[in-house]
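Scroll down for the structure; my scribbles are underneath it.
Chain naming follows the written order as A, B and C, and within any one chain the residues start at number 1.
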Amino acid sequence: MALVDSDLTRDLVRARIQGRQSDAAGAAFKGILVACLVTVLAALVALLISVAPAGLDVFSTRGLSDFLLRPFSVRPDKAGVYQGTVGTVTSAVLVAVIAFPMGVAAAVYLEEYASDNWFTRLVNLVIRNLAGVPAIVYGLLGFALFVNGPFSSLTGGTTLLSTGLTLAILVLPIVVITSAEAIRAVPASLREGGYGVGATRWEVTRTLVLPNAMGGMLTGTILALARALGEAAPLFFMGAKTSIFSGGDWFDLRGDFTALPMIISDWSTRPATKWNGNTQAAILVTLVLVLGINTVGIVLRNHFDKKR
Amino acid sequence: MSGGASTTTAEPGPVPPVYRTEDLAVFYGSFKAVRDVNLEIRQNEITAFIGPSGCGKSTVLRCFNRMNDLIESARVEGRLTYHGVDLYDRAVNPVEVRRRIGMVFQKPNPFPKSIYENIAYGPRLAGLARKGPEMDEIVENSLRAAALWDEVKDRLKASAFGLSGGQQQRLCIARALAVGPEVLLMDEPCSALDPIATGRIEDLMQQIKQDYTIIIVTHNMQQAARVSDHCAFFTTEVSEESDTRTGVLVEFDATQQMFSNPSDERTENYVTGRFG
Amino acid sequence: MTVPQPPTPPGLRVEDLAGNAARNRTEMVVRYALTGAAGMSVLISTAIIVVLLRDAVGFITTIRLGDLGDSIWNPRLGRFGVMSPILGTLWVTLVAVLVAGPIGLGAAVYLSEYASPRLRRIVKPVVEVLASIPSVVVGYFAIRFLAPEVVQRLFSGAPAKNLLVAGIAVGLLTIPLMTSVAEDALRAVPSSLREASYGLGAKKVTTVVRVVIPAAVSGLVAGLILSISRAIGETMVVFLAAGGVPTRPTSPLDGGTTITAAMAAVATGTDNVAGASNTFQSAFFLGLILFALTLSLNLVADRFVRRVRQKY
């Protein structure tokens, strides 16, 4: 490819000769770009404003703790998100515990151990493509493996354990990809130093590479976690409850359960006059959790980016 | 020659060489990086590899402790023996090779740890000592051997990144010595340093030469002339048909001889500065 | 050979260089474990394909193929007109891409070519916040704000839930993806190209439109394809905002359903997800279509991304 195409050169020369120096086009173009950006920001602001007022009302009339600590109820003024919060937080912990070690291990394999053979190429291809598989398909997979399949006696069927495992599989490719990036960013000279004094591959990885990449790997995992936490689609197939049930307490991994996104989804479809306040309140709780975790992730990333 | 000459004189002949290569060639994939390397490295000598960039001198050096194994496409042909043992024998573990044959790199690359931990890293993994007085002794001795002890003895717990470039490089030398190697491979160890720091490294090499065999790759002919006993001159040859450059060992001789009376015209051109 | 072969000194044998057995063993165990972890991804992909195929085939065998041509998709009533959710998906995706493509690209060009580093530092996290909002929340936003305040004002008489609302909301969700992929592509254009253009006396707008954007086109196309793929796979927004109407839509202002929303609908309505009925299996049939669609789009996008990498 020529550096700059000849049409352009001709146009530029012509513009110069004819003395046209219209900056209007430039200004208009920039205006359009700014408008795009403003639209994005406006949509975000509108979204945040539209989900807040009625929810804040609920918090102020009932008290935040009342809403947070009550289980499901058929009466909107009694219904709370205790079981949903427990389910969401617990499944997030499960996801972290399962996906982080698995994802980091796979990333270490790809970056530190793998030679360029068919297996490595296959794994790379598969991971890139798994990252693009829609969440709801993971719901089907989780259903067929954990809810009603070979592992259902272990998980107990429609339980938090099934959900945690399914969501862990969902975020695994993201954890692998971000961890691999973090590992790749570790300077080769550090590895050479380790190998140079007679460290084995695993010793170099464990003592030099992983500590150096930890920041990036944690950040990736935290951002993936935030995604898992807000994900509702797979929960349809996990049997998350939307009406009164008993249980749903802390770390009740093998009992009935629900989760915040499922509650939001269900309450959104109930009569707005009665349930809108609760829906918004549940959204606020979820946003605080998700955005809180995300903020931690982004702050961590900026921190580690600066250190490099 | 019948086995077991026991004197440690540097005179060629009686003492078997530390390394010996026979038609050594290194490939990266199908690209032949360097070929026809035939040389011997003698004990308690400093051998310098010189030549223009791209001539394969670093590549050859990195065979001597199997560091090239870390580059996946790298492949070695010919024979490379270390005390008569084929270094590329299937039974040889590169990790053990690298413990016995230390390496110092072009840019100082201390670990992001304290000065103490930089030295203790290798011995701990090798199981030479865990911690406590034993390890303290290893750390002190290594730092003394690298002429760094007096400068850092009061701040062993401080980060290694706080040291100057020259100090960092001596720390890397101390780190390499800490695992008790016999050979030290130095890959342009002074190219990132100022002349004063370079001088200190060269002095240090002369000091530790009595305990170690040293091979140094350098761009700097004066440095080679100053520090080395033997010298290997590499250059590149351009292949007509494939238009690729392959490194080749031109001449291997005593440094004195090489600089005063080279036997190959290409060497002469290089050492007199007419080329390279 | 000119140099005679020296005898092996009594000191060193090959065994001396074999290394510590315990360390070698650890190394081997770790290597197996890590390979296993990497292999998990292959197992997972295989499991996805096996599971989808098994139940999709199970579903197909229980119906007459002609049933798929029905005008209605309602598996609970034995109506399997698969064109209804497919058309719904097409409408939603089209609207979403029309929203996310230009806006995402515009924002990316601004961030990459115009914004000061300081502004970038402020705006990028905001876009990331949008990316991290759970889609179910965007779904709520669609039915409580976009539908009454935007769409029904513009198109009076449109139903409260329709494909246009869902498409706009999915577009909002997709903007951050489009923006970040496009920005990466634009930033990968070497500054020497820009300088060459300025050197000819070109203005900024000319440089951006005629030099930078054409040079980044592979990456921009990749971003667009990934956005399409993402929009096709989005579930919660359409589940809440598209209306769940089982007939074939004729315009985006119709209520409708999509492949994903129809899958979700199969699993709702009762708190107990049912097992092997063909109603439930229909979700796997739709899932297989969804998987095939998104996978092929992602593979195509991957091609374009690689082209960018090769170029620079």
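In the analysis below, contacts are C-beta pairs under 8 Å (C-beta built on N, C-alpha and C of every residue); 3 or more make two chains touch, one makes a residue touch a chain.
The model shown is predicted, which means the values in this text are computed figures rather than measured ones.
Novice: Would you mind checking which chain's C-alpha centre is most distant from the centre of chain A?
Specialist: B
Novice: Which chains are joined by the largest number of contacting C-beta pairs?
Specialist: A-C
Novice: Report, in whole Å, the distance between the mean C-alpha point of chain B and the mean C-alpha point of chain C.
Specialist: Centre-to-centre distance between chain B and chain C: 51 Å.
Novice: State, to the nearest whole Å, the distance from the C-alpha centre of chain A to the C-alpha centre of chain C.
Specialist: Roughly 13 Å, centre to centre.
Novice: Between chain A and chain B, what distance separates the C-alpha centroids? Give it in angstrom.
Specialist: 48
Novice: Hey, what residues on chain C touch two or more of the other chains?
Specialist: 23-24
Novice: For chain B, jot down the residues that touch at least 2 other chains.
Specialist: 95-97, 100, 126
Novice: Indicate the residues of chain A shared as contacts by at least two other chains.
Specialist: 200, 203
Novice: Which residues, counting only chain A, touch chain B once they are in their complex?
Specialist: It comes out as residues 115-116, 187, 189-200, 203, 207-208, 211-212.
Novice: Mind listing the chain C positions that touch chain A in their complex?
Specialist: 23-24, 26-27, 30-31, 33-35, 37-42, 44-45, 47-48, 51-52, 54-55, 102-107, 109-111, 114, 123, 125-130, 132-141, 143-145, 172, 175, 179, 192-193, 196-197, 200-206, 208-211, 226, 229-230, 232-236, 239-240, 260, 263-264, 267-268, 271-273, 275, 283-284, 287, 290-291, 294-295, 297-299, 302
Novice: Touching residues of chain B toward chain A in the complex: what are they?
Specialist: Listed in rising order, the residues are 65, 67, 70, 72, 95-100, 102-105, 107, 109-112, 121-122, 125-126, 172, 175-176, 178-179.
Novice: Provide the residue numbers of chain A that touch chain C in the complex, in ascending order.
Specialist: On the chain A side, the touching residues are 3-5, 8-9, 11-12, 16, 23, 25-26, 29-30, 32-37, 39-41, 43-44, 46-47, 50-51, 102, 105-106, 108-110, 113-114, 119-120, 122-123, 126-130, 132-137, 139-141, 143-145, 147-148, 158, 169, 172-173, 176, 200-203, 223, 226-227, 229-233, 236-239, 241-243, 245, 261, 264-265, 268-269, 272, 276, 279-280, 283, 286-287, 290-291, 294, 298.
Novice: Over in the complex, which chain C residues touch chain B? Could you list them?
Specialist: 1, 3-4, 6-20, 23-24
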